[in-house]
Amino acid sequence: MPPLTVTDTLAARYAAVRAFTEHLCEPLATEDYVVQSMTDVSPTKWHLAHTTWFWETFVLQPYAEGYTLYDEAYPFLFNSYYVQAGERHCRAQRGYLSRPTVEEVLAFRHAVDEAMGHFLDAFDETAHPEIADVIEVGLNHEQQHQELMLTDIKHVFSVNPLRPVYRAHDHAPTLDPGPLAWVSFEEGLHEIGVVPGGTTSRERFHFDNEGPRHRAFVEPFAFGHRLVTAGEFMVFIEEDGYRNTPLWLSEGWATVDAEGWTEPFYWEQRDGEWWHFTLQGMRRVDPHEPITHLSYFEADAYARWAGARLPSEFEWEVAARTVWDGNGLPEGNFVERGRLHPAPAEPISQGDGAPSTPRLQQMMGDTWEWTHSAYTAYPGYRPVDGALGEYNGKWMNGSFVLRGGSCATSRTHIRPTYRNFFHPAATWQFTGLRLAKSL
Amino acid sequence: MPPLTVTDTLAARYAAVRAFTEHLCEPLATEDYVVQSMTDVSPTKWHLAHTTWFWETFVLQPYAEGYTLYDEAYPFLFNSYYVQAGERHCRAQRGYLSRPTVEEVLAFRHAVDEAMGHFLDAFDETAHPEIADVIEVGLNHEQQHQELMLTDIKHVFSVNPLRPVYRAHDHAPTLDPGPLAWVSFEEGLHEIGVVPGGTTSRERFHFDNEGPRHRAFVEPFAFGHRLVTAGEFMVFIEEDGYRNTPLWLSEGWATVDAEGWTEPFYWEQRDGEWWHFTLQGMRRVDPHEPITHLSYFEADAYARWAGARLPSEFEWEVAARTVWDGNGLPEGNFVERGRLHPAPAEPISQGDGAPSTPRLQQMMGDTWEWTHSAYTAYPGYRPVDGALGEYNGKWMNGSFVLRGGSCATSRTHIRPTYRNFFHPAATWQFTGLRLAKSL
Amino acid sequence: MPPLTVTDTLAARYAAVRAFTEHLCEPLATEDYVVQSMTDVSPTKWHLAHTTWFWETFVLQPYAEGYTLYDEAYPFLFNSYYVQAGERHCRAQRGYLSRPTVEEVLAFRHAVDEAMGHFLDAFDETAHPEIADVIEVGLNHEQQHQELMLTDIKHVFSVNPLRPVYRAHDHAPTLDPGPLAWVSFEEGLHEIGVVPGGTTSRERFHFDNEGPRHRAFVEPFAFGHRLVTAGEFMVFIEEDGYRNTPLWLSEGWATVDAEGWTEPFYWEQRDGEWWHFTLQGMRRVDPHEPITHLSYFEADAYARWAGARLPSEFEWEVAARTVWDGNGLPEGNFVERGRLHPAPAEPISQGDGAPSTPRLQQMMGDTWEWTHSAYTAYPGYRPVDGALGEYNGKWMNGSFVLRGGSCATSRTHIRPTYRNFFHPAATWQFTGLRLAKSL
Amino acid sequence: MPPLTVTDTLAARYAAVRAFTEHLCEPLATEDYVVQSMTDVSPTKWHLAHTTWFWETFVLQPYAEGYTLYDEAYPFLFNSYYVQAGERHCRAQRGYLSRPTVEEVLAFRHAVDEAMGHFLDAFDETAHPEIADVIEVGLNHEQQHQELMLTDIKHVFSVNPLRPVYRAHDHAPTLDPGPLAWVSFEEGLHEIGVVPGGTTSRERFHFDNEGPRHRAFVEPFAFGHRLVTAGEFMVFIEEDGYRNTPLWLSEGWATVDAEGWTEPFYWEQRDGEWWHFTLQGMRRVDPHEPITHLSYFEADAYARWAGARLPSEFEWEVAARTVWDGNGLPEGNFVERGRLHPAPAEPISQGDGAPSTPRLQQMMGDTWEWTHSAYTAYPGYRPVDGALGEYNGKWMNGSFVLRGGSCATSRTHIRPTYRNFFHPAATWQFTGLRLAKSL
């Protein structure tokens, strides 16, 4: 499938995004679409239907003349959490539904795709920018669910003693990225968040939680030039990091204790070697790769153990802009690359003479980076009106912000201002960490 | 499929029982095989595999020369609770497994069926009665799982807002069975439990909990001549039976309160009419049919409200022998009839003159009948040696005995001495009640 | 305090029973009266008030002319579970109440005692046998709470790391009771339960669950001549009884696993020696004493390990009548003896020649004996009318019957027909076991 | 008791603070000291002992020559959460301990007071500033527990159907504070947090989470001139605020739903009037008083309903410094005033002509004010070394910052930089809200 470009039409981008969702399903058996292995996980079938419900609810029903609801029962079944969009089925019970079948859900998808195709063919983006903006939300919404489909099926497969392989993959030997270096940033008053405006919906697009743009003073700080590696994390384990109470937040320690955590999620020891479950099945941990599937608690404890700390989200945004301004498409290990696991940083060349300032790597892709910033509203934040206003605002307690996207994120989906957020105990996403320190 | 007869060979009976299991799957979509809607429920796929594991573990592996395990991973996945047969997968997580797929499970079934076919063709029952007895357990075990497959898929479908139909069925109008009459039994010292011995494994067969045969004195009692009907139970509801605390056992009342019970399981009110979910989908409650899906708590409260009580299991066995001695095959509404729901009793003819003693009806089939006898060991009870000894003995606390089979039980599976047992809050089986009183 | 005799007047017995309740409180500090260390345990203060509420509710209010309620709030606070006697405070929250204070509760007691004193002085038992019968229930009810006060305060003290001593006690060295012998009983049809009638309320008294008297056939059996000892139980532990799954009921094993049981409740190992918490504080386990604080699950597993089984309650009643017919007062280690712990059986004399049949010991007192009989209704059972009908009947599921009383039971409280009952996981009562076998 | 002044000696302040702790106990019966009505609540007895343990552990043991531990068992029992100070008793089980008794705990207090008295008499603050700083922590720690003693005993009394009165109090009629006015603040770069340094320990003192001082840019904002009142909150209730899902955070709504919240904690409706439980017992809600015992979820929903938002903690600190710079002692309704409930704001005079900018009221005392700032570390934050480093740092997830102190806070305890923090569902503290908006 040819990659999208930033100049594609909405219709082309709609077709490409929708096709990519189904592309991700290719390795699955019918039975794989049904299972919900924990409350946080949704069945693949549900993702396929929910993303379709989104188009039907927010585009076709309000704007496509003559469109009739595909099935009266589906809005109830496939609304996720939009209270203002009506009653909905209990999240924890999505795995109890064998019907509609996969075939029926795909028929629903294709009917909506056909209606959307007709609609977009006739659609004048310039005349209806407010509808274009909703379509843009829909594209980004579907890309978020593509990432969840991968992390969810990884979890589903992981709890199966047969440990199925999602997609086999040959791993070439990797290079040691070498020791961590520090990249410094001066203090300053920065503009944080999105610049409003733009001619096209794509230029205008951002989630409401990325604004309003406002000023924040950032004290001098330094960042590790790359992500923390699995090999570095092994030292933390060996030196009893999981048993050293003072390293941990109180709730983190309670979680370690209650869950019996002694290593990162998906890891297990076999004959003294570390293995982990990946979308390529069980394989040995490659110490050069970034550590991933860390909870906030583990990332925070590791940083403390390393004599450092986690970044703030403002520091991260300031640093990210030095490597990419948000225009064009970012470089990095994204879902399109098909690796579906974080990749090692490039070694710092240490050839002739003193290396100058090391290059900041892996800011985009590979793993989401935990920040120590709690997920909350920017000054002056207002959710958009209506059901879509529930997208972000109502989750503003208890979570921490993550930045930068992962190996399961679409390259066309990420920005320096992008704010992801999860509860601090969550581990089933591709979450890792970069060290920071105050200067 | 032609009905089994009592004189069929083991090989013929094996083939028939195995075929019936698959026959029950015909209405299902692939997705339906995967879902576990509560811990008590197992996915259909699991039932198919577990019953196959049984043959492999208890017959083929010990007795079929040269048989090799079909898949190393299956014993762990498909052992239910036989501790002595090895480690096993967590019951509550059977619905988390998308693999092996239905197709793979059916391949496993057919491979085992082929091996069993070869084995049985060469098998001399007379020479190896101890093996024949194990095969007999396997046939009865599979019949038990056939009943569970029906009650489990009914539960799976019921939690789906689409309310799928397992098998459509036209319901002819029914007749009012008329008022309840009482059938009296004199006091006496009775032999309870199975008569040991028999020439064939089929004659010998009983579960270990049905013996040893022993003597019990039964005081004079009377039984309702038929099961309590849905219409009679509606009166209990209307007269606030679900809010009348003194009718209920303490734990029953706590359950009513905690679960918010206001009517039997699967019932719901629509525009002032009672409907219920059945294997034929949602339909109006027929007041002439026996009430079913009652917990012990509800059955016990109803009996108290009606000025009566539940039978003891010894009373039931004494009464049952007056209508069928356990030889031949019983009459009744069993799974072979395909109704898959209890059917009304026949009206008592009240034509010419005083009717003599009413005939005892519905002792076999229709619904399991709750007794007030806690499930415990008969005097001198010893479980059989080895893993099969876990079949019954280790469940002997907290449950009550049910007798008589249901509309989902095989006609070839039931006996007057047969003891089923469930926790008093269980409602997903075809459980109903017959009134009793002391004279 | 001089012991009660069977010929004392109701007034004298009322005074004695009430005084004994307060006598049991003598070792307590004010703070000790307040604590509820688990839901099953009630604060001493609550026991003092609840037993007083009983007299006020069931005797003074209905029968004592001109009596006015002591405090409007108390019926709500001190009703335990009598639904028909009005709303009541949540059992699990009894430990949340600091008020009324101990002093206020004692004032309530004394006011009620005064009113009861006046009432009983003028009371003609012969003229009002139905009132006398309620008073008799009250006396027995208070004795039951005396036993609970001891087992509850033992639990309260046990969860306190300071391990307070209820009452210090010097333990003389004990004698080894010698090996277990068996006492045989022939088969027979027996009358079980109370003989109705009697001239005085004391003669008439029994709890409703002890009747009606009915016939039961008992197959031939044998009983261990004494209780199982702590020393015998140590062997079970050493031989990995707590890890031998096939010995356990399924729910028992789940409990062992979930609770991490590796020895009896209150036991702990110190430097390779077994110690246990007693009402005399921590002391070494005396191997000659009967094992106590066993759950049904442990008693049942032990019996299976020992190649025996638990008694049925009918067997027990038949055997008990051979040592005491229920008239006069029983011999045994009861609460009046002040030992507050089971005592060793007497050694069997093995002196001159073959010992005749060993004497059946410890049937009364020492420890309650678990039977494998589920707690259920006797044929023809009817609870008494009104709130007192909730005393026994509504608990008839999930529990097992215990017989014989314990070292915390009053000597005037027990009978061969007496049926105590607890859930099979309960361990905080003085519960032990006697082995039985079928012949 | 004469008020403390800022120039008192450490010894005088020690004596005064310790005496005030016991002064708060005067209204209590012995039984009241024992109860733990929920996990968040500690028994008064535990507070008395824990604060004493603090002095013993952090001052007497390390610094008082020849001091010997009062009781070997107490460190285990009375350590709260300082992992580095050793093992500790489970928090949820503090209410299970009847021993040590109140008398024994008071003896412990007095012994430690005597030792501390000797120590402080000989203590040269200038020579040992690091010890003086620990003593200062101890004084502030004890003041925090004084506030908890009041909110905890309020909770203990509230769950008692008798609704005991902590301290009776006559309430004079109050004045309507009039409509809410707004006070504006300009944008600016501000120094946030404590100014390091100071000659005396009192001047130096702050909790580690109040630093390091750093710069933050604050966009223009406005604050309500006073706290939101109970009367204003009644309108929110009447207009179905508790049923209007879009007003609530997702977890807030889940809490409302699960807990059945329909009004603030401690409120109840009687004959159409709002009453609430206070330390003066049940009384009618005074609409002029500030609303209190709000969770973050309720405060946040109210602010959204009112078209406003909660303050950020930086805005709050900037605003607070306009009314008090942190030197001297603040004005306000603190614990010393003995009202033990928030008091109405003063009416804005609206006499002659247009009132100028309204005066900012109630910033200090009355109720803690929820901010929408998640509790996290300031840039460059480092906890102090050793066990005292666990005081604040390990709680930095999931809570929100509250500012300003309450009617249960000591006047000598609060500062503009002071950061309190609780989980968003907590309601048993004196928590209220002030509206804010972005300009």
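A few remarks follow.
We call the chains A, B, C and D, going by the order they appear; numbering starts again at 1 in every chain.
Going forward, a residue touches a chain if its C-beta (ideal position, glycine included) is under 8 Å from a C-beta of that chain, and two chains touch if they have at least 3 such contacts.
These numbers come from a predicted model, not from an experiment.
Note on connectivity: the fewest chain-to-chain touch steps from chain B to chain D number 2. Common neighbours of chain B and chain C, by the contact definition above: there are none. When every chain is reduced to the mean of its CA atoms, the largest separation from chain D belongs to B.
Each chain gets one centre point, the mean of its Cα atoms, and the points for chain A and chain D are 39 Å apart.
Averaging C-alpha coordinates per chain places the centre of chain A 49 Å away from that of chain B.
Averaging Cα coordinates per chain places chain A and chain C 61 Å apart. Applying the touch criterion to all chain pairs gives A-B, A-D, B-C, C-D. Within the complex formed with chain D, the chain A residues making contact are 81, 83-84, 187, 189, 214-217, 219, 221, 245-246, 248-253, 296, 309, 312, 372-377, 379-380, 389-390, 394-398, 400, 424, 438. Residues 29-35, 37, 45, 73, 76-77, 89, 93, 95-102, 156-157, 159-162, 164 of chain D are the ones touching chain C in the complex.
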